[in-house]
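Alright, structures below, take your time with them.
Next come two complexes built around subunit A: one with subunit B, the other with subunit C.
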Partner chain A sequence: MPEATTLRTLSDPGHAGPASRLSRLAPVHWLALIFLVAALGFAAVAWATGNGFYLRLATEALIFAGLAMSVDLLLGYTGLLSLGQALYFGLGAYVSALVLRDVAPSFWLAMAAALLAGGMAGLIGGVIANRVKGVYFALITFGLAQVAAKTVYNTRALGASDGLIGIPQIRVGFGPVSLDTADPLSFFLLVLGLTVTAYAGLSYLMDAPFGRTLAAIRANEKRVPFLGFNAWRYKLAVYVLAACVAALAGALYPMLRGFVSPELMFFETSGNAVITVIVGGVGTLVGPVMGSLLLTALRSVVGSWTEHHLIVVGVIFMLSVIFLRKGLVGALLARLSRRGEAGRTAP
Partner chain B sequence: MAELIDYLQFVLAPQALNGLSLGVAVVLMALGLTIIFGLLDVINMAHGEFYAMGAFLALTLAGLGVGFWALLVLVPLLMLPIGWLAERWLIARVFHSRDRHILTLLLTFGLGMILEDLLKLVYGPNTQRPENPIEGGTEILGMFLPNYRLFLIGFGLALIAAVWLVVFRTGLGAMVRAAAFDKDMASSLGVPVRRVYAGTFAFGVALAGLSGVLLAPIYSVFPTMGRDFILMAFTVVIVGGMGSIQGAVVAGLLLTQVQALSSLYISPVWSDPLVFGIMVLVLMVRPQGLFGRLGHA
Partner chain C sequence: MSKNAFPRSVHALSPLLALLMASGAAPGAAQAADPIRIGVVTPLSGTYAPIGQQVRWGLELATKEVNAAGGVMGRQIELLFEDEEANPAVATQKAEKLFQVNKVDFLTGTVNSGSTLAVGQLAERNGRLIATTVSFSDAITTDKCSPNVFRVNARAGQQSAALAEWLAKDKPKAKVYYLGPDYEMGRSTVAAFKSAAEKTGAQSTGEVFAPLGSKDYSQYFGQLRAARPSVLYTSTAGNDTVRLLTQMSEYGLLRNLTIVGASGTVTAQNIGAIGKAADGFVTGVGYSAELATPENQAFVAAFRKEYNTAPDLYGADSYGLIGFFKAAVEKAGGTDTDTLRKAMEGLSWTTPQGSKTMRAGDHQAIQDMYAVRIASDGTSNRFDVVGTVPGDAAIGPDLCTRF
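Right after this comes the complex of A and B.
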């Protein structure tokens, strides 16, 4: 079963022509749209019932979905497994926390600083990590994140093992209107909006020539130079892009929780992001978002009656690796397209 | 001059010997990892949990009245079928796919997660401390050394030598090396490659379990005990060269000395970033590590 044994991209038009390209692309975006409507419905219900807890939980899930998307850019589109993506997530969180606490309580300044830091760190990390391939890439990203996490853990100025606390709640200004991060509903909507923007932007980019070159690198890196492309440059670019996405997602974390801790950089965070991508659907971008919400909900439900949710998550994860190579989204899409075909063939 | 000798005798040498006993244990862990990688190309992320499992098995069996010497034999024997099944049910399932490097890494990562939580479920999250099987200490050159650590160094070195003998001086080892070099050719020459794969994986897992038995009296036993230790073992395997037995031994003894001595001169908390920094550097400059791969040297 060679088909099932590769990590394939679902929105991959590949050999398909323009007409079938549209019809193959659409289902993923439809899924994203359905998801968006469901999220808005959830927000309305939670707001009507005054349930701030679930809104905050969902916001956290979306923030970690950003991290998972950045892992998906590398794993799903380029075939690079990063075991240290939490490095950039944590970096964004710390930079944002420091800006908000010590410089100015400005949302845009914190995001810009996190983006800059993520980009710079991604450039350095990318130059280092892209020296090697395959499992060595996974291990070097893992090692880099470990060095950074242990360094933060030992640095008194960054709060060492306690992290930074007392990050102020802020108002986010959009020209004349502004919203408050302390309000669960408005912050949820803000993060939802950012997630949708990231999804749309990244999906577009992955369908643009840039993304097609990444797909070529994933398919056969050795042949890419024969087409006149410098694979190393593209791999570096997508690594920096993923680092920026992770850093931006991380920058939102202290606004939600009011603190940051070195755990954000630990392997558990990186590992969870990989699990999220695999369970949700590799190479779909919407998969990581849905996976993050599903796993957060699962942890919250299972966690309410047992603290041993890792067994459940671990089993789901392994089953996804073995049986659902395209994750939850892949399974949903397969069902959708089967129904679509059945509808077309029926008289 | 006298001060220098005192310093050597009471500060440097004990630290180096502590490092050596840790080093021997790390090498045992790394050997399992590196043999599994050398033959199957699998990064076994669950290795640390197999190590913890060995320690917990020892604890349970000791509670049933099994003596320490029997444990050294019994626990690895019990770990063998676990490793065999893990290879047959998980690794073999994705072994022929294009992304097997990534898929096997992910599968063993998931397996480790489940095993760790299972240990928590069965034994609780608290730290347990088994009795020291070899009490007392010996004075060597004016240094007081616990007997158990001396035993660990001696036994560990003997075990490493035994592994080396099996891999490089027996027919079984020749089959393993042949399969690592070219599995199709080995298979056509009558090497039962699938069984060699499962057996080698089981052997690595048994080694991890044995390290668990050996280290339990020193580092105490808790479900997440594998985590910190496995990171060191990974670093050793990478620096030594993934799939290299000599590399694991040399890098294991070297890096634990770096760790032991850097914690003396810099600070214990910075020894981890230092060791991981070395790992990153080696990956950048010489990703194949110090020595060549199993079956390729």
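Right after this comes the complex of A and C.
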């Protein structure tokens, strides 16, 4: 497990100053746009060839990308390593599952309930975890998630170790039109739309004064009060925000798979999210999305080929920490900007 | 910083991947000579890998034998393995791949009950059938039963019923004390055995639950001695059993006390560490490699020859599944889901464990259960069969209401 201090140094260079802001940030958004076009192209190909499985696998990758984005908010923008983000993901999944199964098969109600639960739990967890810094923050978040996971694991009303099955497939209404979560293409497009919305909203927020203050906290927390800001409040706010993002992503899981199980809250889920962020690119938001798609595809392909697939993922993680210190997106951006410079200098 | 480890083509990564993924499917119309594909989603890595290994060996040995004898209706059986990591979230994803991409005709292998339930639901949504050969949670064939899920192994209720039956015969009116691990499964296992034992005349003298992974069990020994039981029931597992039994042995508590327990309490994995303290432990289980039937002896000999180790419960149940599947396909005349389900319901078939019958009402196999006593001198161990409980006596009522 890498230490929080080393991870902090991996974050992106995109906040050097207002002058370089536009030229540095634009390529990230270009990358996101290329990704979106590629995703739509993939959807078209998969739909045309009738490959429901790959659409649903990609949907799952996007759902876990939501969790990874929430880790990135903390790790990449604020410099806080959360090893327990699966707590909020699992909470969203369980709340959504219970609402869909026992209250009403309504997409919007499930999402609202998950958001509310995620926000409340994030507030409580944030107050506890933000009492400490660095590696202790990581340990507290880890501990909180373990406590929650064990509680669910031993609560019979929540299905205990067996989890909950029988979550219905639902129709999602947008005014006059509606789509079916059982249809792989519709649900993929819905989740893709939500991911893009989350990316756009969070990128905007990270560019706004709120995000600048987070960057200041990441750079040097002790100096932030001298600028007239209360660092603790900002850290709590971003923690709650990340919890909400994770809970919303989690709420989509039972709609896709029809069940929830305590494994969704286990450290494996939290740890995978951190790996996804680091492989994809810390502090870029689009990196976690690409990382999630890459790792999900790899796990599925390599997993069918050998049972030693965890070694493959581990080696990729180590290689990307050593050679791609800014992740997949960092490497792509370096390439894009070099090409841009070359274009400018050449006549 | 690196010299850009990625080639230029990385820009095209996502669409390329998409194309790769989309072209991976192999649509194949089933012809008579095509192999019958059985998907196996089982833990091949992690804590449950030893169980997955037995499942794999049992299935592979049976498949090899069936294929060598001409296959099923002239078609060979092909097994496709996927690692589920004992995680339902992984298991459903892998099972979906086997159903939709590899177009398997049947699926098995799930170990933990959560995976079996989640994959069972997936099978319903994909219109296919699955069977578990390992999961013993009662829920799978009672309140969470599914028309698409079959269980060929004995469930927890059958195991405790068999043990209680043996207890009533061998030690009538026993005074029983219960010691379980303090988590949901540990408590429910104790509760199930307690009610079964009380029904057959045993007397409960007390119960205590120790945290999972307890290092020191001596703190419970005072209560245990004060209750003066003649029998101790425990549902600990793995290293907890090692510590419990060796500490009891050090305190001299094993004298004049019969220890009985759940089938997972003492296994091939931890018996070496328990050593002589395991001697005399009795459990109710659906299989022992020491069963004296000719079918079992042939099976054990073939298994040893192939894998150089003895089969355990999971290996035997998985081996028997292929016989079940073969008989059902031959009866149905194909692998169509609805006719295959009909053929499986009420089917009787032969296994190394004796004859099994698939109950139509809840898709739970009925089989003879065995009380098995461990004979250990510290270096070598035998699982002796000390009692047989007929299948009808151990099966319990059909509690499935969905079909």
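The criterion applied here is as follows: the second predicted complex is superposed on the first by the 327 of 347 C-alpha atoms of A that agree within 3 Å, B and C clash if a C-alpha of one lies under 4 Å from a C-alpha of the other, contacts with A are read in each partner's own complex, and residues count from 1 in each chain.
Operating definition for what follows: a contact is a pair of C-beta atoms (placed from the backbone, for glycine too) under 8 Å apart; a residue touches a chain by one contact, two chains touch by 3 or more.
Because the structure is predicted, anything quoted here is derived from the model rather than measured.
A.B. asks: Under the superposition described at the top, does placing subunit B and subunit C together on subunit A give a clash or a fit?
C.D. replies: On the shared subunit A, the partners clash.
A.B. asks: Answer with first, second, both or neither: which of subunit B and subunit C does A:Arg335 touch in the superposed model?
C.D. replies: second
A.B. asks: So in the superposed three-chain picture, is A:Met69 touching just subunit B, just subunit C, both, or none of them (first/second/both/neither)?
C.D. replies: neither
A.B. asks: Looking at the overlay, what does A:Asn154 touch: subunit B (first), subunit C (second), both, or neither?
C.D. replies: Touch status of A:Asn154: both partners.
A.B. asks: In the overlaid three-chain picture, which partner chain does A:Leu293 touch, first (subunit B) or second (subunit C), both, or neither?
C.D. replies: It touches subunit C, and subunit B stays clear.
A.B. asks: Of subunit B and subunit C, which one contacts the greater number of residues in subunit A?
C.D. replies: Residues of subunit A touched, subunit B against subunit C: more for C.
A.B. asks: Output check: A:Val99 vs subunit B and subunit C. Expected answer is one of first, second, both, neither. What do you get?
C.D. replies: A:Val99 sits against neither subunit B nor subunit C.
A.B. asks: Looking at A:His308 after the superposition, I want to know if it touches subunit B, subunit C, both of them or none. Which is it: first, second, both, neither?
C.D. replies: both
A.B. asks: Scan A:Leu139 for contacts with subunit B and subunit C and give back first, second, both or neither.
C.D. replies: First partner only, subunit B.
A.B. asks: Using the superposition on chain A described above, determine whether A:Phe259 touches subunit B (first), subunit C (second), both, or neither.
C.D. replies: second
A.B. asks: Output check: A:Val28 vs subunit B and subunit C. Expected answer is one of first, second, both, neither. What do you get?
C.D. replies: neither
A.B. asks: Does any part of subunit A touch subunit B in one structure and subunit C in the other, and if so which residues?
C.D. replies: Correct list for subunit A: 153-154, 308, 310.
A.B. asks: Considering only the defined contacts, which subunit B positions touch subunit A in the complex?
C.D. replies: Residue positions touching the partner: 41, 43, 90, 93-94, 96-99, 101-103, 105-107, 109-111, 113-114, 116-118, 120-121, 231, 234-235, 238, 242, 269-270, 272-273, 276-277, 279-280, 283-284, 287.
A.B. asks: Which positions of subunit A touch subunit C when the two form their complex?
C.D. replies: 34-35, 38-39, 41-42, 45-46, 49, 51-54, 56-57, 60, 153-156, 160-163, 165-166, 169, 182, 257-259, 261-264, 268, 290, 293-294, 297, 300, 303-304, 307-310, 319, 323-326, 328, 331-332, 334-335
A.B. asks: Touching subunit A in the complex: which residues of subunit C?
C.D. replies: 1-2, 4-6, 8, 10-11, 13-15, 17-19, 21-25, 44-45, 81-83, 87-89, 92-94, 96-97, 100-101, 112-114, 117-118, 120-122, 125, 137, 139, 144, 183-185
A.B. asks: Any idea which subunit A residues touch subunit B in the complex?
C.D. replies: Going by the criterion above, the answer is residues 2, 5-7, 75, 79, 81, 128, 131-132, 134-136, 138-140, 143-144, 146-147, 150-151, 153-154, 271, 274-275, 278, 308, 310-311, 313-315, 317-318, 321-322.
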